[in-house]
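Letters A, B, C and D mark the chains in the order given here, with residues in each chain numbered from 1 onward.
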Amino acid sequence: MNVTVKYFAVCHEMLDRSEEEMDLPDGATVRTILQRLEEEWPEIAEFYEVMQMAVNWEYATENTELTEGDEVALIPPVTGGCDV
Amino acid sequence: MNVTVKYFAVCHEMLDRSEEEMDLPDGATVRTILQRLEEEWPEIAEFYEVMQMAVNWEYATENTELTEGDEVALIPPVTGGCDV
Amino acid sequence: MFKITTEVITGAEVREAVEGPDAGAVVLFFGTVRNNTDGRQVKHLEYESYPPMAEKKMAEIAQEVSEKWGLDRVAMIHRVGKLEIGEVSVAVAVASPHRKDAFEACKYAMDRLKQIVPIWKREVWADGEAEWVKPDAVFFDAPDMRKTPQ
Amino acid sequence: MFKITTEVITGAEVREAVEGPDAGAVVLFFGTVRNNTDGRQVKHLEYESYPPMAEKKMAEIAQEVSEKWGLDRVAMIHRVGKLEIGEVSVAVAVASPHRKDAFEACKYAMDRLKQIVPIWKREVWADGEAEWVKPDAVFFDAPDMRKTPQ
């Protein structure tokens, strides 16, 4: 199945792209995507404690199962609003 | 001595004037003005618990002494702002 | 900026008076004329004030905010005369380096305005009657004038 | 109204979205770009967002406000792209029949926006360096993604 994976802020910067299509095996979860990214960018594991994932605009866990056409996003710690 | 006395809101309405000059004896206090008004409008005494007085734009008591040219005001309960 | 006005309040007056490059948070409060009071239909409102004393008391409230929060960017404007439903009667703005303080100080300034600033409201009802509003007993904390002044 | 925009935020968008003849109190919050962070000179800021999810999360915050205070007049707008010193990055408006609720709900909405809405800030310093801002540890309460989602 095909899913779209989006990268923001520091993730966008580190991976040098803002999104990509991934062809995943049936039964794939958010974890499957992270494992692929670890091959390219091993240090990503250091972000896991503060990073979140979203599937179809909703916060998800690494065990969330994916289906064809899902939009997955890596969400670094959010810092919107003002800094006060 | 001469002082100016100002009437607002319900006081303005009851006395049917917004201000007047009063010629007061030396040693007069805010109380002197109220005594004069009681002659014309005895029910004013019922307002004393909630009403305030101001002398020269500052809240005062009935014992505040007056001097030539003072601006005295009867301040009914204030209700500015919004009602929420 | 502490002002009694007969003009329409846009909010820009108070906001511009407090903004600055070092204040990251600005909180604005607007009080508007509601179409009813306790269910009774309001036609319009009339506000009267004692302008020089009102502006002096607003400045004193700003001084209290400065003492409590260390903020010197406070602005208050109150409209007087006839106001229609939905129009702004009062606007308060506070700017602060920290948003928590801006919220607290703005609420405080508005609370104090209702307590000590000499402005009076007359409600004109849809049925043609009118009356000077008496403050809610619960919120009314002005002292008896025979005792200590505020 | 829940919106990510590249346009200048005037405040009128959010205020008009919440105003009504039965709401006597309107509280607006503006976050603006400061000229320094912890004393280091800021040249400008860049905000990036994930717009559809950001707007969805803003709507969820409004739903929380509705559940907590019974208020359904909440509007939020956040600007993205390059912002200069003094420009407004975010505006939140809440209208209420009671001012206490309006202040509390507006503060709550702003607090939640900083916690769950996917928007990121990059600071470009006067010396030319730039970095994505990490949230203050104290305020950072996003859960570990391996545990329960928020």
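Methods note: contacts are C-beta pairs under 8 Å (C-beta built on N, C-alpha and C of every residue); 3 or more make two chains touch, one makes a residue touch a chain.
Owing to the predicted nature of the structure, the values given are computational and were not obtained by experimental measurement.
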{"item": "Chain pair showing more contacts of the two, A-C and A-D", "value": "A-D"}
{"item": "Separation of mean Cα positions, chain C and chain A [Å, integer]", "value": "49"}
{"item": "Inter-centroid spacing, chain C versus chain B (mean Cα positions, whole Å)", "value": "23"}
{"item": "Chain D, residues touching no fewer than two other chains", "value": "24-25, 31-34, 97, 99, 110"}
{"item": "Multi-chain contact sites of chain B, meaning residues that touch two or more partners", "value": "82-84"}
{"item": "Arrangement of touching chains [line / ring / star / complete / other]", "value": "other"}
{"item": "Which pairs of chains touch, using the document's own definition", "value": "A-C, A-D, B-C, B-D, C-D"}
{"item": "Partner chain B, residues of chain C touching it in the complex", "value": "31-34, 37, 47-50, 52-54, 56, 78, 89-90, 110, 113-122, 132-135, 140, 142-150"}
{"item": "Chain C partner contacts - residues on chain D that touch it in the complex", "value": "11, 15, 19-36, 85-86, 97, 99-100, 102-103, 106-107, 110"}
{"item": "Partner chain A, residues of chain C touching it in the complex", "value": "24-25, 96-99"}
{"item": "Complex interface listing, chain A residues touching chain C", "value": "82-84"}
{"item": "Residues of chain A touching chain D in the complex", "value": "6, 8-10, 12-13, 30, 48-54, 57-62, 64, 73, 75-84"}
